[in-house]
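In this document, chain identifiers A, B and C correspond to the written order of the chains, with residue numbering beginning at 1 in each.
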Amino acid sequence: MITAGIDVGAETVKAVILVDQELVGWSMVKAELDRRVSAEKALQSAEAMSGLPAGSIQKIMVTGSGRKTIAMADGNVSDIIATGRGVFFLFPSVKTVIDIGAEEARAIRVDAGGDIRNFAKNDKCAAGVGAFLGAMARALELNIEDLGVASQRSRQHIPINATCVVFAESEVVSLIHSQIPKEDIARAIHESVAIRITSMARRIGIERDIVFIGGVVRNVGVIESLNRHLGMDMLIPERPEIVTAIGAAIIAREEME
Amino acid sequence: MINGNDKITEWKKEGRKVLGYYCCYMPVEILTAAGVIPYRIIGNSKEQITEADAVLERVMCPWVRNTFDQALKGNYAFLDGVVIPHVCDAVQRMYALWRHYSGISYHYQFDIPHILSDSSFRFFAKELDLFKESLEKFLGKKITDEALQDAIQLHNENRRLVRELYSLRKSSPPLISGTEVLRLLKEGLTGTPVSEFNRMLKEKIAECRKRTPQESEALPRLMISGCVIDMTDNCALIEDCNAHVVMDDLAIGTRSFWFEVESGHDPMTDLSRAYLANIRCPRTITGKKTIEYKEEFKYRWGYLKDYAEEYGVQGIILNLLRFCDAHEYDFIDLKNYLQGIGLPTLVLDDDYTLGSIPRIKTRIEAFVEMLQMKNPV
Amino acid sequence: MSKKSEGNESIVKTRAGGIATRLIADAYKKGWAHVEAGKPVAWLMYGPNREILRCFDILPVYPESYASNCAIKQQTSPYIEYAEEEGFSEYICGYLRHAMGYALSLARGDSLEIAPFGGMPRPSMLLSCSRLCDPRTKVFETMRRYLKVPAFIYDHQIPPTEDDRCNDPEVSRHYIEHNLEGLKGLVKFLEELTGIKLDRDRLSEMVRNSIESWHLMYECFALRKHSPCPLPLEDLVVVYRPFRDMIGERETVEFFRDLRDEIAERVRLGTTVVPEEKHRLLWLGLPMWFDMDLLTYIESKGGVVVMDSMYHCSKPVPIDTSDPLRALAEKEYWGWDMYGNSDGSQPRCGLTTGSYVLDMVRDYTLDGVIVHSVISCRGCTIGNRHIARVLREEMGIPVMEVESHMTNLSAYSTDETREKIDAFLHMLSARKRGTHDKR
């Protein structure tokens, strides 16, 4: 069976193609104003990569925001479900997924069959983690990748107590003025993020194995802080961006069976 | 750790119990009469909140969240029991949550009227009586009226001594700093038997009276008002900006000590009348119907004017804790009142982490400088 | 006074739902006639008993109700903004911020033309009691400054339902006595203000009507335990309006009698809200006023929200109505949202212990719970996370969380919420299929 999954995100659109259980093609394109155009482009690009003849795809499942507008799809599914399925495909031992994007953070509990058992999202009053890290990086005059690297060189732990972004930024600025080394501040920032994410995950219960996905995966500082607060090392997929699209493609296959 | 201190360990070895409690409305006399050491629950804004968010909403009183986080971490595990009166919405919720998560065996909640009336005094007295019964059952001993009368005397003495200590701040410059006062009060309120607290106060008063600060050292005189500001860091931060905090309107400050329990009836009625009518927390209102709000303002906040006059206060810092409904509804009227009596006001929006944000210093410094210009020494 | 929005009429499933809407609309019209006749108007928080006011021929107006209706219509501006401009923080209860903004607008002499549903009439008094949450106690203390009218706020203690104290006869008596004094104070205030003496016979009659309505409402709730659900949440919130806003009237009794009969008929016929009732749900917290369509969406997926934690009915107890004020105090105490055990043996509520939620899940055979956290309503929100945890971890009941900002509509995403619902219902299906490892 040949199925495709398309994940329509806020900033990017991802497409993958599965031949039965095998990933044969994938692509990520920038999201244009008309998501349908981006979905087409992503799918075409994935098809090209797969080397499959045109028209081979038997079913297309779409997920993500705006999924209901993608007419070419044969069906759509909630991204929480698609994410769970996709992670389960890559890591059958997964029980907890932590997904951190620019604006949203989620925790998903997956059962032994790859189905969703529970989920939670970050509080509305809190800024998205990605956005938060971006703001803090700017305050420290670092780019986001270097923020994570810097935190690894930290020698001491300084707590940031403020739970609100505005107050936290204020705290960071004062730490800078107090001549605290950037590495320590960077670490404090990651600690504060890790505490928040761990709290969210604990609301639904944390069970190993934990898989970490989402844009923020690229930040080594977050990974390290989270591992420490969760009390175990998270598994990280090679291509975290396409996990949800993979889940959609799998659901497409399951629906055909 | 909040206070895994030695003195408590000693007392527990003697078989004495330590009971925690939230807020000013808990008549500590009842605990003293029961032979129990009162321990006022305080937060620690220096500690990151790591446990509470999994179980409790974030968009609520940050001080209550902080104390709950402490409870979850076991920082209060040394308590034998906790009394959590229905002071306000946030504190009220703590009762069921502490019962579920704290691991402590005894919890009690009593209700407190929000509006003053004869019936409210009767109701509160009965609530205290029912609490006493519960405490007696927990401790396995009776709490006699005599013990209560003695405790009332001791705590009246305690409050009188605190007021005496405060009076040493009237001089210019004050004989004792705001930070030092709050530090002492904090220690006295957290696991110190009242007789010991009284001794500490007497000692401090005697010591202060010997101090001879120079007139030239006088700085602008401030009052700090707010919700539960129990971190002396806030006060220290302000005093570091070259000002004296000579007076306060805080839960662990004047709100707890600026009254006497007068005898006239049975002990519970006396306690009810004193505590309900005299604690200056906006969760309690008078229920006056007047539409002459200017009169009303005088009635509600005239005490701040009195404090300002008595202590030569030149400016007031309103430390407003986020999500505190009781204070937030009053806030605009209070600002108008302070403006009306010509008292310069600085408002600080706080999420219970202000003490650790030195950036606030610039605002306070500017405020102090402005006062200096208005009131050259 | 409030009229149901057109939008909501389309989602109710029962005849009674439509009738309730009409009843409220008529009452609203009568209300304006009352205002034009120069009769007194009171703005109240839910608390002071409407029956008392009616005996003084005072028109009760509920700013909370008005605000929630504006929210349903998604028309909370400009009043919310007026309040925030004045300095009221955005974390203050959305309903009260709305009311505050409206009061400011009245004080400024703004025309009521922009006000949705024709607005609320200017009050001649403000009445509240310290029931349920702190903002209710404080708001009129502040608001009277703008409106320059007297405010009477009395103390009212809700039953101590966080533990067994509420069932102790000595305790309940002492709460009721205190609350009775509050009512006496209210009567005294109204007598002084209006110059009229309370007609106790008329009050007794109204209280008897209220109690009869209570009995009928309880029967309705008992009938709602049947599956398929005969009265879903979208109808419940509508038919509950007369129970709150028109309690004490004879026509309200008749309305609830008809409602009870209609529900009984639906139960007999097995009338369903959805073709196949796949999921029976409980809504914990305030209803999502500005997205009531969410309930329709849930139904489109085979789910029905059967119960809501804020709208339920305790089992009536015998009350002597010869002393009407005392009867009201007792009715308030025993009628407090103390959800009883199915055999009515022991009322238990537990604001934070959530024991009543667990009872509901069991008694109404529910599959899952949706927890609604409202930023700006601490009264209805703090403690929900704990209840959600207990439901999930200790009872194995699936829970999902939705969040909103009460009246700040920009902070809410209809799409995102539907996404979550999809995932949640999928979860519930998997659980049923048994592919879900159970706790």
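One rule holds for everything that comes next: a residue touches a chain if its C-beta (ideal position, glycine included) is under 8 Å from a C-beta of that chain, and two chains touch if they have at least 3 such contacts.
Small disclaimer: the values here were computed from a predicted structure and weren't measured.
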Overall pattern in which the protein chains touch one another (line/ring/star/complete/other): complete
Farthest-lying chain, centroid of Cα atoms versus that of subunit A: B
Chain nearest the overall Cα centroid: C
Rounded Å distance, subunit A centre to subunit B centre (Cα mean): 46
Euclidean distance of C-alpha centroids - subunit B vs subunit C, Å: 35
Cα-centroid distance, subunit A relative to subunit C, in whole angstrom: 40
Sequence positions of subunit B contacting 2 or more other chains: 54-55, 59
Two or more partner chains touched - positions in subunit C: 375, 385, 389
Residues of subunit A touching at least two other chains: 123, 125, 203
Residues on subunit B engaged by subunit C in the complex (per definition of touch): 54-57, 59-60, 88-90, 92-93, 95-97, 99-100, 109, 111, 113-115, 117-120, 122-123, 126, 130, 282-283, 285, 287, 289-291, 293, 322-323, 325-326, 328-333, 335
Contacting residues of subunit C [partner subunit A, same complex]: 375, 385, 388-389, 392-393, 398-401, 403, 405, 411, 415-416, 419-420, 422-424, 426-427, 430, 435-437
Subunit A residues within the subunit B interface of the complex: 123, 125-126, 159-164, 167, 170-171, 173-174, 177-178, 191-192, 195-196, 198-200, 202-203
Subunit B residues touching subunit A - in the complex, by the definition given at the top: 45-55, 58-59, 62, 351, 353, 356-359
Contacting residues of subunit A [partner subunit C, same complex]: 65, 77-81, 111-113, 115-121, 123-125, 203-205
